[in-house]
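By letter and in written order, the chains are A, B, C and D; residue numbering begins at 1 in each of them.
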Amino acid sequence: MRKRTLVVLIGSAVVAAAAVMATLGTAGTTKTHYKIFLLPKATGIPVFTQNGNGAKKAGKELGDLVTYNGPTTVSGSAQVPFINNAVRQGYNAIVISTPDANAVAPALKRAAARGVKIISYDGDTARDARTIFVAPSTNSLIGQYEVQWMGAQIKYKGQIAILSANATSANQNTWITFMKQELRKPKYKDMELVKIAYGNDDPTISAQQTQALLQSYPNLKGIISPTTVGIQAAAQELKQEGKCGKVQLTGLGLPNDMRKYVKAGCTTKFGLWNESNLGYLAAYVAHNVLDGKLNGSLGQSFKAGTLGSFKVAKVDGNSPVVVLGPPLVFTPQNIDKYHF
Amino acid sequence: MKALAGRVLVRWETLLVLAIIAVGIWSATLSPFFLTRANLLDLVTPYVFVGLMAFGLTFVVITGEIDISICSTLAASIVCFAQIFAAGVNVWAAALIGLCIAGGLGLVNGLLVGVLNLPSLAVTLGTLAAYSGLAFVVLSGEGVATFPESFTKYGGGYLAGNELPIALLVMLAFALGLGIVLHGTRFGRYLYAIGSNREAARLSGIPVTRVRVTVFVISGLMAGIAGLVYVGYFGSARADAASTSLLDVVTAVVLGGVGIFGGTGSMPGVLLALILVAEVRSGMQLANLSGQLQNIVIGVLLLVAIVAGNLISAARAGSRPAKLHRRRKGVRANARADTQVIADSNP
Amino acid sequence: MIAHVRAMKPQELAAAAFRLREIGIVLALFVVIVFFGSRATNFLSVSNWQDIAQNVSIVVVVAVGETMVVLTRNIDLSVGSIVGLCGYLTAATLAHHPGLPIEVAALVAVAAGLGLGLVNGFLVAVARIPAIIATLATLAIYRGIDAEITGGKNITASQLPDHFLSLAGSKPLGFPALAWIALGVSILGAATLRFVPWARDFYAVGSNPDAARFAGIPAGRRIIIAFALSGSLAGLGGFLFASRFPTLDSGAANGFELTVITAVVIGGVNVFGGSGSILGVVLGAVLVATIADGFTLMRLDEFWKIFFNGFAIVAAVTIDALVTRRLQEALRRRRAALLVPPAAEAKA
Amino acid sequence: MSLLELRNISKSYGGVRAVDDVSFAIEPGTVHALVGENGAGKSTLVKIVTGVIEPDDGELLIDGQPAWIGDAQTAYRLGIVAMYQEPTVFPDLSVAENVFAGRHPRSRLHTVDWRAMEDDAMRILRDLGVDFGAGTPVRGLGVADRQLLEIAKALSTNARLLIMDEPTAALSPNEVDNLFATVRKLRERGVAVVYISHRLEEIDALADTVTILRDGRHIETRPAGELTQGEIIRLMVGRSLDALFPKEEAEIGDVVFRADGLTRRGIFADISFELRRGEIVGLAGFVGAGRTEVARSIFGVDPLDGGRIEIEDRGFRPRSPRAALRRGLAYLPEDRLHEGLVQPMSISDNTSMAVLPAVTAAGFLRPRLERSLARRFMQQLSIKATSPAQVVRSLSGGNQQKVVLGKWLAAEPRILILDEPTHGVDVGTKADVHRTISHLAAQGLTILLISSELPEILGMSDRVLVMREGRLVAELSRAEATQENVIQAAAGVREAAA
């Protein structure tokens, strides 16, 4: 008797829970034009949140439903269930930034086979698994700029190191390649790249790697960190160790993250693109692809709301690509104008 | 007859089926695509590797041990496989070597636990880190992703009009095969006996040490097989593969009704629990719950599974052996927990 | 060494075994220092040791709490998530109320940690869920709550008041402030475990739960207290973490529990409860941090550290088991010498 | 006024009367010896008095007032403290802390007062004349020292009634003397000591009053001076060998098992004996004499340090139970709950456990074969169960014991070691088991029967071996084996005393 009552209790609890969740789930579906799924490398990372906000803004302008969701850790394979479910839910387009081009490619191809348009941005996937790649900037520009910023800060002389994210990260590696190319130019002949350290985009490891760089290279003059996590961890470490001004810092960082360190003199020049605009642009590209106005042929052009006109081109040997623009440069003079 | 009906009703598996139906109804309200044949068939595909690991872990847990190193074993074995393949070896030969490595890593766990009699929790906590480190040492750069279609189809391919995932068949085949081993062979019986009462098993002439080593080898091998499916499904092998899947694997096993102290559990239960986990995750994705919110739900599911299991076994036992009951009376906090159980199960 | 052990009387042997671990770690530490000192540039510099002290501090604070839990024959896998969540709460509190004294922020973090620890304690002691499963679940749950609160955003150093940020950087008497705090927590923890009656019960509960019941020790309540302490100290760890690594998002201190448990196990706390000392744990944490630092200076990849941590856990547990076995063997011999002769006389 | 008075106390376990209408009183300032064979009801009485179990019937009076002792804490508050036979120590803690576990002496700051604790512990230990310090970790102590520790623990409590259950089992003569001195000191302080021991000379030396129990019943309570050792033995065993033991005559054949000088250091030494085909050999002795340990070592459960075993004239080295099983040995363990049965499994799963290779084909189970095997033994041993699929946990103790017996009979051994086969089972089951044993021997099976119940040993055995303190001290033929002779050998009483 007892047993059966128990089972009925548990069973009914399960059904009740399902019913509650069902009402939660159905609420808020409204009539929209297109359904676009924005899939970041991982949720919980601020730059991706900004991408999402930009894309949602574009969605509002275009009358599209933009959904932002993704895995909890940076992992290509963890993105796959999200791709499958986006297909299942009838999304018209998936806009994805991936840390692992290969792991998501099969799932994206399956999605494409069911008529879903695939746009990649920031972290590109395999070329045959997407229609268009939306690049924040050109890889060569990012690489060159960072070396130039560093050179200007250390008067083109001394040892420098790079604090990257993961050794496996494709865009980081591409940028580092371009940095090395730039460093071969004669005006950098007195600058020596002594070490590439990897902080895994983790503040703890990045800070420890910075520490180790300072210990191992007492004559180190500068650190380039082409990752928003790395540059901030490095700045904090420099500040704590009282090395601001003695060891220069540059790379890619968010103005909000870095404002304090700019004021403290830890860096005088670094850059980034507007992450919100990047998401905004990617959403416009997706909308235009769905409208049939873009199909990836080179030379096609379109208008992306407040950002103006863009062209589909071949960049750094990669195509078809839409580029947001050259990186913004932040200096002590202009930093207070930017709030992202 | 009535008693039989009661027995079927109170079975853990029955509850799982009910839960699967309930979550299915919920999911169907979220998306009209949910109840299509193609979708239902594809539901579990991303979790096949989780399931294969859970099957292996089931053997370990039934024996009364735990293996939390399986996800690292998976990663270590597939990066070795990938490196060997990348060096130009035939993909199947490389896969076989990868499997041997997975089995070897399992054997290390097994020898430490079975022969040296070390606590499995501490041992596999150590090897969890060690194997993961090993995986990165072997392949720290970008993953290998050039596997031929003839291989990857076993993880990501489809049959019958592009609807029936081959991986699903692979998983069902293993569920069936391992289910038969567990429930239909002498070896399976050994596991339950050792898990319930290791001393009685030893005194009955059961080769306890050998069996305990073997279950860890099985667990390692299953992680290796899960790795091959993983590579097939995702098309790439990386050192961080499956590093976040432990929660899902353990949840599938525990939710499947496998007693964490050993001696109980069934393969159909674990299979059903896996389907439930996959369905819940998929449903939550349909509802656009964030990944972290999903983890909360899975975590709660894990806790609820154990508490419900405790309640059911308390109800099933009815009157506990008097001695046990009395002995517990001594400690006030325990006594309170006892009355609570009794009160809950006898409303 | 082994011959020496064999020659000892069992009682001495047991007494020595208690100290053996600490001595072993000190020896290992010595070897490690000589090794890295001769190979890695700047390893022996003052600033490097300040770095090591700084890096080990947060681990030590959290490990002291974890020790209490492990002593009762349980484990707390959720400390990494608690550090992350409490770290974020600290930062959020200070970001919204920059004028707040940091002591208040610390209190917020500790209180939050206490609450989370109590949940763990109740799940284990009252709901009777095995600690490994309960805290594996709360590891996911707490991390999820963290993510929900952060909402995908982060708090950065720019939003935090300077008096909080300078906490991690300051070095009173040439020793990092964090390390002073860790030292204080360790001494307090060791004193608690030695002098507070209910904390002594942790040892009893873990050493022999049945005997603890016979002795009238309320095991359930003690286990709840241990988890509560572990949670509180993880909360304090979160506060320190926020000061040391002031970029707080939902991934902060991910996997931190592994470092903590490594320190605890290497420090000689028996995973089956009942034995272990704070001194050992502190030494264990220092050993792990020193090796990690050496690896970094020698430019070995992060992965080698992970591999080494795992290897060290297995090695520590194996050595423990072998020592215990030898001890038991010695005991049986002693019994043989004591018991059989009188019986033989009686027969004759 | 009596400190504690028992009035008509009864307690049954599943139909077996463990204590039956027992009444006697314990006076303050006396040493009150409680004697009786194993199973006479001593342990049950101790558990009742210390609140571990509740009696079914009767009442307890403390200082003349009816009292209810519901749990161990209450007993403790009332000043009733028991020292258990199996020490309950914390191996990781020091001696001092073991003595004061759960009730550390506190300083003014409510912290643990280590100095006071160690001083107090040291004082008690000195009284006992032990050679280890208060700071020694208990992990390093042997059984004897742990026994002394247990005594120290009991002494530290200011108990009014102290129950000592076989306190000297593992002590050396010197330590026994110190213990006696301490007990006498306690008596002078007005503490009542209930002293349980098999060693009659200790009772002679120490006791003021002796209470004799037999089969759960109270036989006699008398001043110790009025009783000789011989009388005590007579009162302990005064039982007739009734029809409970239907011994069939079996033809005794050749020697099939030969043990020569078996030794396990610190447990037993120099055990030599032979077993013949169709013979039932009883192995008698008190609990702790090493009988079970010898059996376990022969069966390969625990390692042997020395000695030689021959089975059917071929040498045998007991590496594991598996190896022993292969050579035709079987061992029914004493503790069926922990070593005999897998409780959550069915009767048929348990029955086939030792013979799984025989009921499987190429590794696959054959459930029908298992069920028929189980049915066979259910019938042969008249196990009362609904079906072979019934879970063992739900069976009564007697039926559980029969399942264990069935498991070992299914293995078709040639030599069967039975360790307390009828311990804690009802009379009907007992008769079933005895009939089966006897019948098996008649068919040529060799049986080594370990039992603490003398009538069982005497009724069933063709020959009786007696062990004491790890040694084989007597071998008696069926004719020589009387209750008195066996007890004398087991207790180490000289012939003259009887």
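By our rule, a residue touches a chain if its C-beta (ideal position, glycine included) is under 8 Å from a C-beta of that chain, and two chains touch if they have at least 3 such contacts.
This one's a predicted model, so the numbers in the text were calculated from it and none came from an experiment.
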| item | value |
| --- | --- |
| Lowest number of touching-chain links that must be crossed from chain A to chain C | 1 |
| Chain D omitted: connectivity of the other chains | one piece |
| Most remote chain, CA-based centroid, reference being chain A | D |
| Of B-C and C-D, pair with higher C-beta contact tally | B-C |
| Separation of mean Cα positions, chain D and chain C [Å, integer] | 43 |
| Centroid spacing, where centroids are CA-atom means, of chain B and chain C in whole angstrom | 29 |
| Centroid distance [mean C-alpha coordinates] between chain D and chain A, Å | 73 |
| Centroid distance [mean C-alpha coordinates] between chain B and chain A, Å | 34 |
| Touching two or more other chains - residue numbers and ranges from chain C | 143, 147, 152, 214, 216-217, 250, 301-302 |
| Sequence positions of chain B contacting 2 or more other chains | 140, 290-292, 295, 327, 330 |
| Contacts with two or more other chains, residues of chain A listed in rising order | 42-44, 72-73, 167 |
| Which pairs of chains touch, using the document's own definition | A-B, A-C, B-C, B-D, C-D |
| Touching residues on chain A, where the partner in the complex is chain C | 42-46, 48-49, 52, 72-73, 167, 195, 198, 200, 202-205, 207-209, 211-212, 215-216, 218, 229, 232-233, 235-236, 239-242, 254, 256-261 |
| Of all residues in chain B, those that touch chain C in their complex | 66, 112, 116-119, 121-123, 125-137, 140, 239, 246-247, 250, 254, 260-261, 290-296, 298-300, 302-303, 306-307, 310, 327, 330-334, 336-337, 340 |
| Residues on chain C engaged by chain B in the complex (per definition of touch) | 75, 123, 125-130, 132-134, 136-141, 143-148, 152, 213-214, 216-221, 250, 258, 261-262, 265, 271-272, 301-314, 317-318, 321-322 |
| Chain D-facing residues of chain C, complex | 10-15, 17-18, 194-197, 200-201, 203-204, 206-208, 210-212, 214-217, 270, 274-275, 327, 331-340, 342-344, 346-347 |
| Contacting residues of chain D [partner chain C, same complex] | 72-73, 76, 88-93, 97, 101-104, 106, 110-112, 114, 132, 135-137, 139-144, 170, 172-173, 265-266, 269, 468-471, 473, 492 |
